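Two complexes come next, and they have one chain in common, chain A, joined by chain B in the first and chain C in the second.
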Partner chain A sequence: MLALSKERDNFVPEADDLVVELRSVSKYYGEVAAVSNTSIGVRRGELLCLLGPSGCGKTTTLRMVAGFVEPTSGSITINGVDMTRQPPYRRDTGMVFQSYALFPHMTVAQNIEFGLENLKWPRDERKARVEEMLRLVELPHLADRLPAQLSGGQQQRIALARALAMRPAVLLLDEPFSNLDAQLRLRMREELREVVRSVNVTTLFVTHDQEEALAMSDRIVVMNAGQVEQIGTPGEIYESPETPFVAKFIGWCSLLKGTVGPDGSFTSAAGLRLDGNWSAGSATAVIRPEHVRLSTDDASGPSYQGRVLQAHYYGGATRIVLDLNGEQLTMQERFPFWRHPKTGDLLSVTISTDDLRVIPAEEDRR
Partner chain B sequence: MRADLIDRLMAVSGTLIRALVYLMLASPAILVVLSSFTSSDTMNFPPMGFSLRWYKVAFANELFMAALWTSTYVAVLVAIVALLVGFAGAFAMNRFSFRGKAFLQGLAFSPLVVPAVVLGIGLLQLFAWLDLTQTMYPLLLGHLVLTIPYVVRTILASLTLHDQQLEQAAMNLRATPFRVIRRITLPLIMPGLLSASIFAFVTSFGNVTVSSFLTYGGHVTLPVQIFAYVDTSYDPLVAAVSSLMIVVTLVVILTIERLIGAERLA
Partner chain C sequence: MKQSLLKRRSLTLVILLTPMVLLLAGFLVLPVLGLLRSSFLPSTHLLDGTGFSLKHYVHFFSDTYYSSVLVETFVDGLIVSLVCLLIGFPTGYSLARLTSAARRWRMIVVILPLTLSLVVVVFGWLIILGRNGLLNSLFVYLGIFSSPKTLLFSRPAVLIVLVQQFLPFMILSVMSVVTQIHPVLEQAASNLRANRFVTFRKVILPLAVPGILVGFNIVFVLSISAFITPRLIGGARVAMLGSLIYETIMAQLNWPFGAAMAFVLFVSGLAFTVALNALVASRFTVRG
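For the complex of A and B:
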């Protein structure tokens, strides 16, 4: 498809060059806070993802940026200009709706041209831009079709082309892949990323799919119950979650509650001990499947006996739920089928504590 | 095989019944049009001979021609005003909440509870009191009272089914509210506007009961004039005049479709 420029791959957005800035934004529906006291900055050129479970306020946040929802308090600026009370048609945003919202009575080309007409562009420039956008999404042959004559994936690409035609300051996408089947979703994900990269547009993207967020984003905002839990790169979010919620939401993990003693080692409530060098106090240990390994002879660190509670064979790997001194842990390991563990078997495992995250309780805001 | 046959039979009988219903609905009009071409002095069916004799008489009759003009003029005006008022009302009810909204909705959705004769008398008294009896306003207003509820109802139904997300998409593409209505909302609810305006025209154009109370001051509508004429004489002239009415109705409907339908492609 489109050639990816090499520099773009190692793109690091400037922390102080914000295209969109939400400052202490809240939105109340009656007594209910859909979004409360949220501050988010979208850096120039980055793809920022709002990630969180259904109902956590992602759509509301996105719609406040587009101007369809008026914040109860706080301010929103786009390229440094206060837009908090401006109507949607005065804001330099391009939105791709979850259901695409293509105008059914206009052809594909007319859909893409609509925004340019509103900006009063001359006719030949409009035509040129429409062609350019159709080439960008690789659908120039569909210019004269009506939206009803397109497949879901094609509609999505046209919606993207329409939103990008005016070169908006920020591209807004609300769960753009949720109406596509699993296979197409993966392909469109890659395509979207390439298109967005090739035109260098700042993008604010909403999803509840953590895998999608990890794969696509430059940075991720994890939201929970109307508030920001953590903002960081996919690596930061996955490797060093700041709250148990983030740890649980991003990737598979077991959360062990316990305390860190004066010697820096962690002891879980059920008595499982992990040696380390953490700061003392009550804490939660985040143990991901990749931290738990079968003991080998040259293994360093203590070995634990675990009883198999469940074993699920996935071909390439087996996911095993172990009972370790009363704590449940999940591990993932490659077993030949003939040596496959069964419920009740005893396995000897080690827990790698090098990159294991222990979240002190005071960081846990909930 | 057997199910196939039953399906086929059902389909055929369905088509037959539909044709029969349409024929029954259209037969009075067909009868009138056919008898209008008679060459005899009296109404009869089947018509005797063929001539345009009664059309000549009709076109020469100033009373009928004036009434035809009045009816057409009033009905076109009623259709336009009912459409404007109806759209504004329906849009307000669909998009905003305001005091008295439930009352207005109830008004639009309840059938006409006042008998047409009572409505006619009431309006007659009202306009006499307002001293408007020498004008065309009583007719216009009377017909608007008859048609606006239906127009509001039809447009409101279209707006309810209409996807408002499309309007937000348009606004996101920098369209001002006025442009959103013109380029997105109106074209998409066009079928509703079409049937509402045709209904308003036909209702106004054919109404007798209310009109007969409001045709003072020399503004007589065609149906009222035909009624008055048939009271004293019964000759093929009324058939010719009625046929002219049918022609005007068809022309107006086609024009509305062309006007509104063209907008959709713009």
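For the complex of A and C:
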């Protein structure tokens, strides 16, 4: 098992080996587009995350893959077979619902066996598979319990076992952690990733929690207002967002609108100037808290005077909103409590421009 | 402290229950006990006389006419309950799956017949089923019948009218239990490769059993004790125990024998529903 997951860490999904493919899929409710003209491919073996604020169409997209929602236009294939108009029970998917949706009148074992019965597995193979699944989620002692007798975390693991028992082509997870408390959520996140990796199942996963998406996914699809903003690895999404929306949604940042001059330097609308080598034109600079540092004597680059607008003490760090020549920037720094900055204080800061992202306006589709 | 709280609580309980208990005891339990006593009187007339005798019960069970009426009554009750279930389940299920706004008007349609007096409903059916009634006129006009036929005074007519009267109880109890079954369970079943039929058989039906049982019990008990409908729609040709009891007490004034029949109906009806419930419960309850 350990060797397997080690191997799995170096696993790179093939870009053209798609398990699920959505081609220009749209879903209209009357005049309103829940999802419009969306194309997404889920590569074999990867954990792909649909991330976005509520109402962005991520859940509708997942439900279209499962077959609960019929797309208005476009096509959905699973393992190369067109499934666009097929009912859910003809699709090779396994879903873990937000509310788990365990059958209350069946025992844990009967719940897991349900899909295998419908797939007409022979009885002894079904029993063996149920045991195997219970061992996988480490709950073999609960086989004869009813769902009502389980804790939230246990119910979720059974729901996962039930979905995986059928060996689906793709595992679908709909906000699987939203019903758990914060501590359990972190633990279940680790566990789920471990289980999914160990059985090597292609996974499509919906969440609105960007931290969850960054920690769990091989690739992330950031969605907004029914459309795909960007598809990329967690690193790509965080380090080089293609749109201001992605920058704003993933991690904390300040967005400065401005222009890049012929010399490659960026000047914000309020006149804040950042030296660099960006391509000329109007653009948006993405400044994350880690780009802004207190000036030290050996600092390179220009330093700026900023007035403290807000300062929030979080113990390990202080989050400060600074006014820099009329632009608001957020920075995060460790201050001992006894010299904690107050509103109105002046701070001298530098802005590191090495890995700072400036999004040209033509890339900004909105 | 805890003791006194408990005492206060039980006192409250007693105060809250007293009016109901008095009402039931005074106007239901006592008269029924009186009826039970009178069923053991040796007299065959009014509630006079004293003494103790089993002759009415012996008479009931030794004369095959009465036992056949009892069996017929039970068979009729079962048919009415089953037909109500077959019609009422789809209706109740679809009502449960509507939004509450969409449900409102449809609910009124379901409940409205219950607000009418039973006698009014039965006379309505007489107009429809009579010799010169709506159905006969229509069938003769369409050429299906050459001359008007007797639709009333037959067992099917009685069963149809009973189904119409008691259907709302089945619809309402199925609806209330299906609203407790979350639609996401149907989606989960569908995701687990169950088609609609399997989903119905393995998920919806077992979870709806409590509501089905409640509806079945209500319709069954109301059907076997019906007496207005069998008398007016069935006439002399269709014998159900309810109308026979009515006849015996009101026309022949034979209170003791009527009381004995009432108790036979009461005890056998109760035994039947208890047995049915136990059977279904053991079949559909999972070992936890």
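What we mean here is this: the second predicted complex is superposed on the first by the 362 of 366 C-alpha atoms of A that agree within 3 Å, B and C clash if a C-alpha of one lies under 4 Å from a C-alpha of the other, contacts with A are read in each partner's own complex, and residues count from 1 in each chain.
The working rule: a contact is a pair of C-beta atoms (placed from the backbone, for glycine too) under 8 Å apart; a residue touches a chain by one contact, two chains touch by 3 or more.
Since we're looking at a predicted model, the values are computed, not measured.
With the two structures aligned on chain A, chain B clashes with chain C.
Within the superposed three-chain model, A:97 lies in touch with chain B and with chain C [touch as defined at top].
When the shared chain is aligned, no partner comes close enough to touch A:274: not chain B, not chain C. Once the two complexes are laid over each other on the shared chain, residue contacts for A:216 go to neither chain B nor chain C.
By the touch criterion defined above, A:89 lies against chain B and chain C together after alignment on the C-alpha atoms of chain A. Contacts of A:22 after superposition on the shared chain: neither chain B nor chain C is touched. Contacts of A:145 after superposition: chain C is touched, whereas chain B is not reached. With both structures placed on the common chain, the touch criterion links A:114 to chain B and to chain C. Note on chain A: of its two partners chain C and chain B, the one contacting more of its residues is C. On chain A, the patch touched by chain B and the patch touched by chain C overlap at residues 66-68, 87-89, 93-95, 97, 99, 101-105, 114-115, 118-119, 162-163, 166. Against chain C, the residues of chain A that register as touching in their complex are 66-68, 87-89, 93-95, 97, 99, 101-107, 110, 114-115, 118-119, 144-146, 149, 162-163, 166.
Every residue of chain A that touches chain B in the complex is listed here, in rising order: 66-68, 87-89, 93-95, 97, 99, 101-105, 114-115, 118-119, 162-163, 166. Here chain C touches chain A in the complex through residues 182, 184-185, 187-195, 198, 202-203, 206-207, 284, 286-288, going by the rule given at the top.
By the touch rule above, chain B contacts chain A in their complex via residues 163, 165-166, 168-177, 179, 183-184, 187-188, 264.
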